[in-house]
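Mind having a look at this structure? Questions to follow.
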């Protein structure tokens, strides 16, 4: 009965990519811990880049800085 | 001081239904553990059906399959 | 397919009380949103009183203050 | 490697305020536990007022009541 | 910068299995979304079987029932 | 009514340090968003180093590697 919560920044994840994350996580839990896929939940949260911080800056700023090549 | 987080798929939950979940959860914590409603938080997260997986498939697909009677 | 996460302080919750929380939450989701109990998860987290703060103080201190009648 | 998740009601938090929460949380973890900002994540969730309950009522209702001066 | 939280019941997961979950999740995020492993967090929560409910019963009871062949 | 969840590795955080995290987070929310401390929750989760992964390795291994000066 695993519960997997994947949080990523909201930067254009497609439905197909989400499906791959769901399948991949479910298969991982089955392979490693023999968990039943029928009771494996995978929930993907897409978080706005203004709302995610790492290294004291939000990801919006980080992406702009990366683009500017700094 | 309980914290209750209810995650459901985003499929048309009304404000009235949300209010019933808030009241029901708060009353449950008070009845079972004598918790004070004044410091009981209930947070409802509505998750897009593309972002929720169970049994290796997302709920969007699951609903379509159910509708098709399979 | 709801996921319910109940977080309470670790202050002697019994297995019987936990079972009541599980049943009560599951029934609530079924009654309000017609969710299937077979795919309703309820997870209870018991948090040490040193690790839970409200109103700028941890619950260990709050309980001692309440006991002292202040 | 701390992970900080701040959940607040969705009531007009600005990007600048979010940035202050990110900086403040990261600095707090560094000051108190000497954690490296480079691996400190801060994620802010903004929750609709209909979806947040305290004291058996949702925050939408609470705000209306407060406005009405009751 | 993904954050992956895996919650499973506390039923003897070994350090080696946990490591496989960490590697598998990180690789999945890299493969599907090209996320950098250096800033991918994976946190595994082991939940007591009394504290996890599915289908209105806790997992302790469910396991006893399964053992008894019912 | 903010809810702050701080997750750190379980590496000897003292009750005094936890209290500092509780006070610091509560003050931050009050200063930035004018949130009432009376309804600000702070919950600290201490996660075993075997259960926390970053960069494809668990923190137990990372600490040993750091100690060995690699």
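Letters are used for the chains, namely A, B, C, D, E and F, taken in the order the chains are written, and counting of residues starts over at 1 for each.
Here, a contact is a pair of C-beta atoms (placed from the backbone, for glycine too) under 8 Å apart; a residue touches a chain by one contact, two chains touch by 3 or more.
The chain lineup, named per UniProt: A, B, C, D, E, F = Tautomerase.
Bear in mind the structure is a predicted one, so any value in this text is a computation, not a measurement.
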*asked:* By that same contact rule, can you tell me which chains touch chain C and chain E alike?
replied: A, F
*asked:* Please tell me whether A-E or A-C has the greater number of C-beta pairs in contact.
replied: A-E
_So, comparing C-alpha centroids, which chain is the farthest one from chain E?_
D
*Where does the B-C interface recur among A-E, C-E or D-E, taking recurrence as more than half of the contact pairs being identical by residue number?*
A-E
*asked:* Between chain A and chain B, what distance separates the C-alpha centroids? Give it in angstrom.
replied: 21
*State, to the nearest whole Å, the distance from the C-alpha centre of chain D to the C-alpha centre of chain F.*
15
*Enumerate the residues of chain C that touch no fewer than two other chains.*
1, 3, 7, 21, 25, 39, 41, 43, 52, 54
*What topology does the chain touch graph have (line, ring, star, complete, other)?*
other
*Among the chains present, which pairs are found to touch?*
A-B, A-C, A-D, A-E, B-C, B-D, B-F, C-E, C-F, D-E, D-F, E-F
*Can you list the chain D residues touching chain F in their complex?*
1-9, 13, 17, 20-21, 24-25, 28-29, 31-33, 35, 39, 52, 54, 59
_Residues of chain E defined as touching chain D within the complex_ = 1, 3, 39, 41, 43
*Complex interface listing, chain B residues touching chain A*: 7, 47, 50-58, 60-61
*Touching chain A in the complex: which residues of chain D?*
15, 18-19, 21-23, 25-27, 37-46
